[in-house]
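Below: a set of structures, written as structure tokens.
Below, subunit A partners subunit B and then partners subunit C, in two separate complexes.
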Partner chain A sequence: MDLEFLELTERQARFIISGTAPAFVNSIRRSVIADVQSMSIDDVNFYNNTSVLFDEMLALRLGLIPLTGGEHYVSQSECSCDGEGCFQCQVSLTLNVQGPATVYSRDLTSADTEVVPADGNIPIIKLFKGQELLLEAIARKGSSKNHAKFQSSIATSYKYLPKFSINECNGCKECVEACPKHIIQYKNRSVHVIDELQCTLCNLCVEACDARAITVTGDPQSFVFYTESDGSMSCKDLLLTSVESLMKTASELAEFLGTFA
Partner chain B sequence: MIPVRCFTCGAVISKHWDQYKDRISAGEDSKMVLDDLGVKRYCCRRMLLTHKELVDIFAPYQ
Partner chain C sequence: MNLKIIRVTEDEAEIEFLDEGHTFLNVLKYSLLQDPHVESATYDVKHPMISNPIFHIKTESKDPLKALRDASLRLKDEFETLLGLIRLKSEEFS
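Right, the complex of A and B next:
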């Protein structure tokens, strides 16, 4: 199995994984989506809310804000405090703003300096003159199996690695027009593909070609994997955590199957 | 208020709202602004493109 990273930043990762099967790549995808836990605001105590939005709507908006630095926390159900709530499983964030002002995620004051909103410029609510917002939010660690707000990864997907072959092009340029990604160019009496990776395997170029000169296939053993992070952790951590969890699950399965042998 | 995340993919799009709004009102083209902000997918683009801010309209009737 080969791995080639095309892009790896804090918020985005794209790599080619080759010499494997769709089932394996899909299990990585599922693990990235569902096995990585993160911190999110889970409970909100309102002390004063005279804004135009109801408490419930504000709580919903607060829950969707990605929070960083939850590595050292455990989920409340697994915590030694038996679900009562302690410093190992929850963080308190307070918010106190008087209008006129727009409340942003950066206005949240966290009890733990590591657990803070990943982006400070998320607008929460616009307050007008005389309006006030005073609340305490409790952030907990959770899994996206319970709520989508705990999901750190966005648009996690993979596709077969596109492979083009062009023979005896007659220069009609129909495929250049047909390609929705504009990756086919006409040069030196033949068409050329500029960026194969951008191809979505839509086959519109194949259909447009009267000379049947183009064939596009997806390599069934190579995949282009893409994922994005919402900022709660880096893409590197996201991928590592998910693969670790996958390995743990696999060894548990092997152990379980071993009991029958 | 602009939804915090994209309804479809879950990307945090609200962080772009202030900049998007300012640049659109300054007369820039939406396509250019969205490309510039790195909002690539059409699910996220429609969130910003089609948003109508209602808070200012509601406020006097509070």
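Right, the complex of A and C next:
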């Protein structure tokens, strides 16, 4: 198995993983989407809301704000407090704004400086003159299996690594026209693919070619994997956490079976 | 790991998984099929809301539960390798 990063920032990751099978990469994809846990606002106590939105609408918006700092907490169900609520499984954030003003995610004040909105520029609501918002929000840790707000990843996907072969091109340039990604160019009496990784394996170039000069296949053992983070954790941590979760499951099964196999 | 062994013979096993879905079971099936002693490995979910997945393994001259254990260990190693690769290659990339 080999890995090569094409892109790696806090918010985006793209890599080629080779020497493996679709089932393996799919499990990683599913784990990144559903098994990674993060903090999100889960309960809101409204003390004053004279804004134009109902309490529950504001609560929904607050829940969708990505929060950092999940590494320091456990989920309520796993907590030693038995679901009562304590400093290990929940954290309080407050909001106190008078209009006229636009309320942004940066206006939330957290009791834990590690648990803050990943982005401060998310508008929550616009308050007009005389309107006020005073609330306490409780954030907890969960996975997207409980609620989509807990999902830390965005646009997670993978595709087969495209492989081209071009033989005896007659220069008709039909494939250059046909390619929706515009990655085929004609030069030196033959077509060339200028950015193979952009290929979506649509095969329109293959269909367009009368001479059957161009073929494209997806390597069934190599994949281009892409994911983004909503800011609640770095992309690297997102990948590590999801693979760790899969490794733990496999390890637990082996251990369970070891007791009587 | 929450599972129920419904049936096990010298060459067959039927197991019900209570807390797993496609995320783990599909790749477990892939790992089992790599074993030359495994004749067939499959899992079935009758209905996601009312039943749990049932895994069915058939082997040739190997204890099916041993085959399952070996498959999980292979997976553990592969995921561990991947973890190392992510850590190494991300360092190199920066």
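As a convention for this text, the second predicted complex is superposed on the first by the 259 of 261 C-alpha atoms of A that agree within 3 Å, B and C clash if a C-alpha of one lies under 4 Å from a C-alpha of the other, contacts with A are read in each partner's own complex, and residues count from 1 in each chain.
The criterion applied here is as follows: contacts are C-beta pairs under 8 Å (C-beta built on N, C-alpha and C of every residue); 3 or more make two chains touch, one makes a residue touch a chain.
Treat the numbers as computed from the prediction; the structure is a model and nothing was measured.
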Overlay on subunit A: subunit C relative to subunit B, clash or fit: fit
Touched partner set for A:125, first subunit B, second subunit C, both or neither: first
Geometry of the superposed three-chain model: angle at subunit A (Cα centres of subunit B and subunit C, steps of 10 degrees): 150
Partner chain(s) touched by A:61 [first = subunit B, second = subunit C, both, neither]: first
Which of subunit B and subunit C A:230 touches, first, second, both or neither: first
Partner chain(s) touched by A:155 [first = subunit B, second = subunit C, both, neither]: first
Subunit A: partner with more touched residues, subunit B or subunit C: C
Touching partner for A:81 - first (subunit B), second (subunit C), both, neither: neither
Which of subunit B and subunit C A:197 touches, first, second, both or neither: neither
First, second, both or neither for A:52, with subunit B first and subunit C second: first
Shortest span in Å between Cα atoms of subunit B and of subunit C, once chain A is used as the common reference: 19
Subunit A contact footprint on subunit C (complex, rising order): 1, 3, 20, 22-24, 26-30, 63, 65-66, 68-69, 72-73, 75-76, 78-83, 85-87, 89-90, 92-94
List of subunit B residues in touch with subunit A within their complex: 1-2, 4-5, 9-12, 14-15, 17-18, 41, 55-56, 58-59, 62
Contact set on subunit A toward subunit B in their complex: 52-53, 61, 64-66, 118-119, 121-126, 128, 131, 148, 151, 154-155, 228, 230-231
Residue ranges of subunit A touching subunit C (in the complex, touch as defined): 1-5, 8, 15, 17, 20-21, 23-24, 26-28, 30-31, 34-35, 236, 239-240, 243-244, 246-247, 249-258, 260-261
